[in-house]
Amino acid sequence: MKDLRLASLGGRKRTAVKVGDVKIGSGFTVIAGPCAVESEGQIVETAVAVKEAGADLLRGGAFKPRTSPYAFQGLGEEGLKLLQKAKDETGLPIVTEIIDPRDAKLVSDYADALQIGARNMQNFALLKEVGKLEKPVLLKRGLSATIEEWLYCAEYILKEGNPNVIMCERGIRTFEKYTRNTLDLSSVPALKELTHLPVITDPSHGTGRNSLVAPMAMASLAVGADGIIVEVHRKPEESASDRDQTLSIGQFKEMMERIGKLKKGLE
Amino acid sequence: MKDLRLASLGGRKRTAVKVGDVKIGSGFTVIAGPCAVESEGQIVETAVAVKEAGADLLRGGAFKPRTSPYAFQGLGEEGLKLLQKAKDETGLPIVTEIIDPRDAKLVSDYADALQIGARNMQNFALLKEVGKLEKPVLLKRGLSATIEEWLYCAEYILKEGNPNVIMCERGIRTFEKYTRNTLDLSSVPALKELTHLPVITDPSHGTGRNSLVAPMAMASLAVGADGIIVEVHRKPEESASDRDQTLSIGQFKEMMERIGKLKKGLE
Amino acid sequence: MKDLRLASLGGRKRTAVKVGDVKIGSGFTVIAGPCAVESEGQIVETAVAVKEAGADLLRGGAFKPRTSPYAFQGLGEEGLKLLQKAKDETGLPIVTEIIDPRDAKLVSDYADALQIGARNMQNFALLKEVGKLEKPVLLKRGLSATIEEWLYCAEYILKEGNPNVIMCERGIRTFEKYTRNTLDLSSVPALKELTHLPVITDPSHGTGRNSLVAPMAMASLAVGADGIIVEVHRKPEESASDRDQTLSIGQFKEMMERIGKLKKGLE
Amino acid sequence: MKDLRLASLGGRKRTAVKVGDVKIGSGFTVIAGPCAVESEGQIVETAVAVKEAGADLLRGGAFKPRTSPYAFQGLGEEGLKLLQKAKDETGLPIVTEIIDPRDAKLVSDYADALQIGARNMQNFALLKEVGKLEKPVLLKRGLSATIEEWLYCAEYILKEGNPNVIMCERGIRTFEKYTRNTLDLSSVPALKELTHLPVITDPSHGTGRNSLVAPMAMASLAVGADGIIVEVHRKPEESASDRDQTLSIGQFKEMMERIGKLKKGLE
């Protein structure tokens, strides 16, 4: 980093970001839920199940940035309302994506944390807008962003007055075809050297393969991440998007048990 | 491409997009001007000079997406007004970047074509907004976008009703350090096979080095591009941004002469 | 480059490398022929045809580095003998690949220039061995090599006493899937700034698509390359390897005519 | 993988490869030692220290593939003799690199396992030569190799009759500049799905930064790797190569203690 006066820099005093009652940056936080909110049954049922298995927060997209304009774009405000129901049912705080600065108020009314997706990492208009809020922001790394550029995006938010930024490594684009992306776990200890902000990983998008999610979640814990965000669906084979990388409830439970055991080795 | 019914596909019947009186897709169009509008003297003087050297359109940024929030962010509406003055002086139509969907009307009032930058290629809220206009849109390729993804972004605009999209190859991110990006010239004939939309290149951002702009502009013409967009400044060493890749007026003139000669070999 | 005393550096005084009677680095040299030598009929017939269309040298592999050990590995010494026959018939000097330092004498007995393939760019034992010969060496860029690393490989050859090195840009590996590799044409003017050695391109491997070879050959000429190496086969559909990127005799002729015309625009 | 009959494929029945008395593929094997053998004092002293800290094998290069021909190329046979002394002193089996097929007998006389470096992954002449031996081969992933290509290289060795191949993930080249390479930990569980061969990682080359080695070693264990290979030097600051990524004896000891504790969480 050329500019050492950045508000995001300085790895010594760690920041923990509070989302609802959960402190990200203290312990290992697990955010789980479907790629997209599809129906009340789907989101509530999944929320109940992931909570039971030990998840701390619920994820689910109402506004979906999709490669093709003809693909399912999310339920919009209706999706936000269904997330609210799942929260009422389970008490799990909500993390959901925002893709338009004009939706800042609307999404904030429902969400406990706002997700900025990889494609919008350098959508500076959006960063400035969420920087004016107090809501925590989960900032995903762009597909080909360097760590330095990613930190500057956090800085865009901090500069506007919102100190509640969580960095989320979600895989970078490489030539490898077996995985959807290459989850760069070295970015976790690298960020721990550079910034005081909490850092989580997304092994679902990071690998794009169901079978690789649990091993990479374990590795995320071992490498020092503050948590993970994973895609879980009551019936992955019926999921409207990201089917190949979504865990079933059973797989999620099993992963949570392995994580629980591994934690003891790190104490 | 999986979906062959896309409006952007079909390379046989070529589309030419009219920007002011200039038809992009018919002949070799040259768009030139500074990275950012800095002052009246700077933009008007540069506009007069590039017109004299043979440029067809004027470029210049009023809203600048910058890696750091502390870097110069552009003059905003004031910059648009200065572009208008340069247009009044020279008659050159204006190409300028839009980075916020809320600025659609404002920027459209001044610009003859709206540029979507590489970082915003998959800013779907912005794409949908410019898709509702009739203004031509110059759509840059994202830093790590595949050709397929890029075409889907054009499709986002077309789907909303705006048929006037110009594709702009501006270099992809690789591991090479000598150049700022790697200008993928093979994307030009690839797009010519896939889409009817016009395709131009940006050898300034594509290389990041002043000395490589003219050779890559020549290669762009030879490979079949419909034009180029290049950064030119009356005094590159005083430019507020992109100094290393900006041509002086003299260098631009010399390049235009070489392009003129090369055109004859392609007739 | 950190070390400015390298023998390969200094772009001012250009070196032309003589292969048979052909000077690479003076004019635009065209090397053409099949991926692999398959039979006497195939190589001789192709050689006669490419010569007639204007090729300056004949390419053809006798030792083939293949991804799978079960793929055709080339005819070995028998292939070299067939290349000799094609040379006797047409007078075209021969360029063929060497993949084992123990074959240096054998391959040199037949070839006019030795090709080091992309996968062997940093095979230092091989580089040192060909450095002890006087035969010209066509050194391909590695799949993910920087320009700096590539120049150091040329330096390995020069340091051993062989000054006859030709640099060959053959595409780098990226995430793009439409093309096999991304032909980095900016490396040509970049090398012209850095080194006195001649630089050619390989639009066949660089794109992996038949239809993109001619446009990228044209662009190579316009960007300042000293020549090209292209795959041509009398019957591309029967080629034992690289079928998708191989030109037919007819396509090669047509490309040579377009190149001839373009040259005039560059005079 | 297109060809499912490959000898390397089939992840169910695991192969353990015996190097000296150590079984790689059974437990978590730690290979440690300096980048290059520099002197008797250096290698013996480092060997004694890493053994004491719990290392299972000793690494150290006698033949060094270096980017520049003017950089230290290793002590050659003299280096092999010094490795022998370190082995005599400690009992640690030796892993050392081979870069020339003509050295196969020489290196085999001293080494317990032969390393094929990233740059030589597709040096097929070398792969075939080590395939004719019985010595275990540690096969590093190439800088931009896909998992499929890497497996085909293992297949080159297996096909010649040598079944003792250990896969080693050592990082791939990306655009990220903070780390030297990007250690792709997802390749470990991916390989576990595809092949029965053991898989280790190299967090030293994979990150290029001293401070990231231990976190990535921990993550390697958690993700399911069969071991690691790390660079350790009695005085990293005096190391002739790879200084920035080399652990001191103290750092190595500390890492081994953390690994020991983590193992318990995985039981």
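A, B, C and D label the chains in the order they appear, each numbered from 1.
What we mean here is this: a residue touches a chain if its C-beta (ideal position, glycine included) is under 8 Å from a C-beta of that chain, and two chains touch if they have at least 3 such contacts.
Because the structure is predicted, anything quoted here is derived from the model rather than measured.
**Student:** Walk from chain B over to chain D along touching chains and report the minimum step count.
**Tutor:** The least step count works out to 1.
**Student:** Measuring between Cα centroids, what's the chain most distant from chain B?
**Tutor:** With centres defined by C-alpha atoms, farthest from chain B sits D.
**Student:** CA centre of chain C versus CA centre of chain D: separation in Å?
**Tutor:** 34
**Student:** What is the distance, in whole Å, between the centres of chain A and chain D, each centre taken as the mean of its C-alpha atoms?
**Tutor:** Inter-chain centre distance comes to 34 Å.
**Student:** Centroid from C-alpha atoms only, then distance chain A to chain C, rounded to Å. What do you get?
**Tutor:** The separation of the two C-alpha centroids amounts to 48 Å.
**Student:** Could you pull out the residues of chain D that touch at least 2 other chains?
**Tutor:** 144, 173-175
**Student:** Please name which positions on chain A make contact with chain C in the complex.
**Tutor:** Going through chain A, the ones touching chain C are 173-175.
**Student:** Using the touch rule from the top, collect the residues of chain D that touch chain A in their complex.
**Tutor:** Residues of chain D touching chain A: 144, 146-148, 172, 174-179, 182-190, 193, 206-207, 209, 211-212, 215-216, 218-224, 261-266.
**Student:** For a test of understanding, state which residues of chain D touch chain C in their complex under the given definition.
**Tutor:** Counting only chain D, the residues touching chain C are 3, 65-70, 99-102, 119-120, 122-126, 142-144, 149, 152, 155-156, 159, 173.
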